[in-house]
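The structure under discussion appears below in the form of structure tokens.
To keep things simple, chains are lettered A, B, C and D as they appear, and every chain counts its residues starting from 1.
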Amino acid sequence: MCGIIGVCNNKEAAKLAFLGLYALQHRGEESVGIVTFDGKEIMGKKDTGLVADVFDEKSLESLKGRAAIGHCRYSTTGSSTLKNIQPFLAVHKNKPIAVAHNGNLTNTEELYDKLEEAGSIFQTSMDSEIIVHLLARTRNGNKKKWVIDVLRQLEGAFSLILLIDDTIVGVRDPHGFRPLCLGKKDGHYLLASESCALDLTFAEFVREIEPGEVVFINKDKIESVFMNEEKPAVISHCIFENIYFARPDSFIFNENVYNVRKKLGAQLAKENNIDADFVMAIPDSGNYAAVGFAQEAGLPFEIGIVRNHYIGRTFIQPTQFLRDFRVRVKLNPIRSVLEEKKIIIVEDSIVRGTTSRSRVAELRKAGAKEIHMRISCPPIISPCFYGIDFPDKKELIASSRTVKEIADFIEVDSLEYLSLEGMLSVMKDSRNFCHACFTGEYPVKIPSNKSKYLLE
Amino acid sequence: MCGIIGVCNNKEAAKLAFLGLYALQHRGEESVGIVTFDGKEIMGKKDTGLVADVFDEKSLESLKGRAAIGHCRYSTTGSSTLKNIQPFLAVHKNKPIAVAHNGNLTNTEELYDKLEEAGSIFQTSMDSEIIVHLLARTRNGNKKKWVIDVLRQLEGAFSLILLIDDTIVGVRDPHGFRPLCLGKKDGHYLLASESCALDLTFAEFVREIEPGEVVFINKDKIESVFMNEEKPAVISHCIFENIYFARPDSFIFNENVYNVRKKLGAQLAKENNIDADFVMAIPDSGNYAAVGFAQEAGLPFEIGIVRNHYIGRTFIQPTQFLRDFRVRVKLNPIRSVLEEKKIIIVEDSIVRGTTSRSRVAELRKAGAKEIHMRISCPPIISPCFYGIDFPDKKELIASSRTVKEIADFIEVDSLEYLSLEGMLSVMKDSRNFCHACFTGEYPVKIPSNKSKYLLE
Amino acid sequence: MCGIIGVCNNKEAAKLAFLGLYALQHRGEESVGIVTFDGKEIMGKKDTGLVADVFDEKSLESLKGRAAIGHCRYSTTGSSTLKNIQPFLAVHKNKPIAVAHNGNLTNTEELYDKLEEAGSIFQTSMDSEIIVHLLARTRNGNKKKWVIDVLRQLEGAFSLILLIDDTIVGVRDPHGFRPLCLGKKDGHYLLASESCALDLTFAEFVREIEPGEVVFINKDKIESVFMNEEKPAVISHCIFENIYFARPDSFIFNENVYNVRKKLGAQLAKENNIDADFVMAIPDSGNYAAVGFAQEAGLPFEIGIVRNHYIGRTFIQPTQFLRDFRVRVKLNPIRSVLEEKKIIIVEDSIVRGTTSRSRVAELRKAGAKEIHMRISCPPIISPCFYGIDFPDKKELIASSRTVKEIADFIEVDSLEYLSLEGMLSVMKDSRNFCHACFTGEYPVKIPSNKSKYLLE
Amino acid sequence: MCGIIGVCNNKEAAKLAFLGLYALQHRGEESVGIVTFDGKEIMGKKDTGLVADVFDEKSLESLKGRAAIGHCRYSTTGSSTLKNIQPFLAVHKNKPIAVAHNGNLTNTEELYDKLEEAGSIFQTSMDSEIIVHLLARTRNGNKKKWVIDVLRQLEGAFSLILLIDDTIVGVRDPHGFRPLCLGKKDGHYLLASESCALDLTFAEFVREIEPGEVVFINKDKIESVFMNEEKPAVISHCIFENIYFARPDSFIFNENVYNVRKKLGAQLAKENNIDADFVMAIPDSGNYAAVGFAQEAGLPFEIGIVRNHYIGRTFIQPTQFLRDFRVRVKLNPIRSVLEEKKIIIVEDSIVRGTTSRSRVAELRKAGAKEIHMRISCPPIISPCFYGIDFPDKKELIASSRTVKEIADFIEVDSLEYLSLEGMLSVMKDSRNFCHACFTGEYPVKIPSNKSKYLLE
């Protein structure tokens, strides 16, 4: 769970990177960094905290140069200390090699051992440092050639933006797990995880980088190369980006996220409708599917809960204490809307079930008579090794309980999930999505003898 | 624009005050303070920043005592330096006299001059310090008597929570400009600006404090006294609390705010409907009136703009730079919803017009074909001297332009406001509201020879 | 134990105040503050820490105005919180009343009760706030008259520098306990605790302010008034300023401190000499008396201990932990100088005895064969109520032990103190000194029913 | 100019390292770091600032483990950013490789280029990171063997303390430029730049590490190996350590520093005496030679200048602004001592001459009639490439002026330096010293085509 941005040949590169990261903040609230290069000097700033807290006008002014890459992150691999903040930067032969990485490599350990045996010393526990070491050791001759040589050694999920000398390189792994798109502003290129970052920088959306594609951007020249000659057998876009993670105003995997969510909600209504006084959502993530559901079902859409805007997103808070606290203050039900009503709540997903349970309890206290919950995806039963930070398998409520047992746990009058087939049916190309979290079918080999939580 | 809270006879008084202020954060984002008293020691902490940033578990633990009062504020009178943060606290004869104030006194200057002439020295430029000086100088004999003596000297808008010795005092000025309500938790009393603060502390709503009423709470005993023997001729609740300022889940001025806003939206549809593809709001403040409008008009309600949740409320940011920056990143229109559509936008109010103008421009860039704006209150033409921090009269767009000129300025295809009569018609008792900002008819004499901006 | 400074009619007033406080740092390391006035605006900055840590070029630039007063302090009365840092400043009728105070009032409590009864509210527990309240309440008519009226109400030890409107006032109590001197730079006046502050500001020493004298300085005009018409019966300069507290390069009480210390050392040699290999001091406070002793005794002066220059003065550290730690690292004996030697150590004073004891132990470990300690003042047996922060009486080692017992405690081969008569005999006017700490004869009535440690 | 410390097999290793660095603070005031290892976890803390400011009890508690190395530094090679603070630490195969370095390598550039060509990426511009890279790449088989292999590649001045796995390694280059000594506390070994660090940790001095010697300490076992089989032709102790840099209470290069300085002062008196009222020093660095001079000359030793103890050592302040400011406030002459006197000032060295010039001017202002300056070393004419941070050659006053011209510049009545022969004559083995700064004869080849100031 990370957001990445790259800006080329723009005299306000750092400021555009900042704006882009601001738009991508939902992809990682824990830390943020920007690296720039002005042809001579390499500059950078990174820190824990929100984008708007870490950078101010003065610090952005000090990051000179026409090339910038940036990263915001919620820690997956690597402990969350200061030095583990991306982009990882090395100065090699007086030029930068910097890497911003979204995703998770699955052969980290093999690469790490091999490098250490050869005498590499590591500053961090991040995938991206491994990539920098490989780049420095492989550098020789034609840049496109040795960069591709390094990329072929990587396995797993990786959308990358590299800064090598004065070249920005955009990379998407052959399976296309994570999104990455190309934009243009005043004739110069940008790269970003999601198109919403282009909107905020007033850039124009050009296209998505394709699975397995590597683009080398130098000044205004762009060259596209594919990592492998033949196309990969399987494209595996992360469907959870569409369901929950990406912003609704982004265009990823060939489609607008908002449209996908509305269609998921409508499909859910087709599969699982019942009569009720109105349809509502847990704001804001459930709003889009709820609107689709209400339209399909012909029921009124209502706002039954007030959101406190002084708080971030529950899902990505690091400590248990804060999570509990924030659930409590975040959403307040409005009694005059709910009292004595039979309601349908549309949610995008259930992970542990504890948040849903406490919200349902609050709706009951505010007077709701019947509560029917509808979920716009199938039950989540397996962890993700490709970059979504689900909790451990045993904490995923659906991994060990039936839908009926989950309904009992969260104390709703009824609970229904969208079917796997229903979910895939609304996608433009249903074969091109990874659904491992719903099925346990992993498209890329996962680390054999270790759980993902032992990797650190 | 401030929020106030008081907690009596509860061993977690500071934590409840914190939760209450968290719920009242929308009433003032600039600074926050809590004062507690444990019978011997007086403790306090205050700082600029959001409630959740200023206090943490450790600092709340250190604020011992069964009585607490708290305050969050957006500066109206008094520069925003550290010492100007409320509650204002004095230790007098080893006991606390502390004041948390919501509103604006209109006879500040006379009181200040009188006190200074008598040798008082002031630490701040706040109304609340004046009240503390008056209390210390008047203290003599029966507490109810001398407190009332002081309160009678105050003119203007004041909802107050005082901590005097171990007594919590709740005060609402005779006109009832600002809200103040009484709650109960485990048999003990709380006071808060709005009922949403009671919800977050899991307290029960008892009733609103009445205009001119003073309640003295000591341990679990509550006594109610009225400042003046006869009732005041005019009740003047601030109608702008209903339109914009209060939280939709609060119950103030005898009614739920959400209901009022829906009714305002419905009345607006009755007065000013036209045909359109759908109705939408500028989230989140316009949502409630928009839902009421859509229902009355029989048009679909749509979400056409995505809100970035890492940012607070535009209206109450202190510097121009931040305001511009935040308008830009806060809301992103969704092209796939807006493209080629004829839309009705419902807004709660227009102040300067610049924000509306820039948002309309962004909707057009995202493809909207026709934009019709409807405002759920009349044009704002006069400043407020009772606690709402509108800009100077000459910056209020409606003070010098016709509706047609405003429409031209913000570049909408049509613009209509709710009528004064329509607005008042949906209120429970339409005579009990101050509408000076729409009419210039001030119910309490305003400072004669000075603009409100010279008072500092 | 405080240092005070006042600067008049100089466009770099704040910078001169800063330099002066730097020179007076030995009088108080705990906190520091400067207040300036430019005729319209009143500015100030204060914080805990050393002068050089609290102020930098930028903060000094921001303190505009031609008048400044400053203060550095080691807490005597009043806890050491931020607000208790001097100068205490009030803005009264848009002009400053600010007080910088060196000394201790002995009628604090009476004044405090009287003011509180009349409705004054206090921010601090400092003597200086009381003085400000008295000034604000008394202000009426001729400034010289009402200021003197207030000063006459004060009892105890007080050297004051006041900033009232644009007038700087220098005050010394009728007994002249603490020093205060007048300087001139480029034709404009300065006031400072000690003349070393004039040296550092490149000002010229004019004279000392006399006991009971009050000087009003406005621009370049100076007027001198005496608090009382007749001269006081008793002058009571603090002799401990000469022995330990003041800087050796200062001129106070009509004499250079260095000269006094050399004479005290020479007198000590006359009273108490024995044969030895050499004379040494505990650097640096004992150096001056040791040089005088060595010259009188005809013995070589040697440097037997290296001082670590990264540490301040042991005597004025606030917490026990730091004191122990610093004793340990501060001074390292040189084995090659001490080994097998019979040495005379000259010290300026013994307070608790624990520091001397640990130092003697270290000299023995470094090889010293015989250690004879000589003290350049009599045994300290009574606390000071006039501004020197000696520990409680029962912690003063000489209050309950004979010289022989003290020698045993600190484990020296011999110990001798200077006699009271010997000490006074070297002073220019031996009748004009307070020697209460050596004799218990207090020249001004001390607070009757309370120890000085209950005053807080 | 750095201080280094190593502690083995002691449960309070970090605290002892802290105390040792405190004693070595004079060797580097700019930054400080400590690294510890407890067999499993590697811990460290480093920051800019003084030892006592960077570490507190809590941070020392958190640095667990029985092995610790520490470093304080004044930047010579490498800009003074946070990451350039030593010790440089790498975690390699889950074990630490850490280096604390005192001195300057002269083949840095060759080593750096070679490593970078092989793909090493660098975090810093420090010599010590180069050593860590070499160690990581060479690691293979017997530890003593591969460590020695790496050390043989280094040229220049290097006293090193390494932490490799759980072994502490002490290294002194074959020329013995910088000091390094071995101590023992409770049966366990310590290593430190100077013996004063052993005193402060209450450890016993064992011996100095010999030039070219490498000691491997594991638990309580120590093994000594020499880098090269035959002894080096030339031993080149830095004589400036004796003259100025080391602490007078240290024992280095087979002799106590205090004794050496007294002998230098006495020799200076033999070569250059004249009659005067007294001999004084610029405290504190000149004190020791001045005492030796006074004794040899039969003149009284006097204290003519008071040192302000709130300031560090002038010589090692990084910015020009601070240097000027501190010269001004640091030392105050005592008029009553100096007035109308003919004085001899003994100084340890003159670098730029500007400090001496301003001090002489201040002595004149304080009334001195004749000022004769004597310097306890020869004129400094050449920069140091082995670790002393002299200014650039053209800023060394003696590199382009005669003694007479220097005397004119600093405005003394006479100026004399100690002769080279005189200086060497008082050393125990006069052939074993580097005197390049006085003669330009460099014992180890210096970087050929670059000045030392281009190396960064």
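Everything below uses one rule, namely that a residue touches a chain if its C-beta (ideal position, glycine included) is under 8 Å from a C-beta of that chain, and two chains touch if they have at least 3 such contacts.
All values reported here derive from a predicted model rather than from experimental measurement.
With A-B and A-D as the two chain pairs, more C-beta contacts join A-B.
Averaging C-alpha coordinates per chain places the centre of chain A 53 Å away from that of chain D.
Centroids of chain A and chain B (each the mean of its C-alpha atoms) stand 37 Å apart.
Residue positions of chain B in touch with at least two other chains are not found. Under the stated contact rule, the graph of chain-to-chain touches is a ring, a single cycle where every chain has exactly two partners. Chain C contributes residues 90-93, 97, 116, 118-123, 132-133, 136-139 to its touches with chain B in the complex. If you check the complex, the residues on chain D that touch chain C are 19, 22-23, 25-26, 29, 50-52, 57, 196, 199-200, 247-249, 256, 258-259, 284, 287-288, 291, 295, 300-303, 306-313, 328-329, 332-337.
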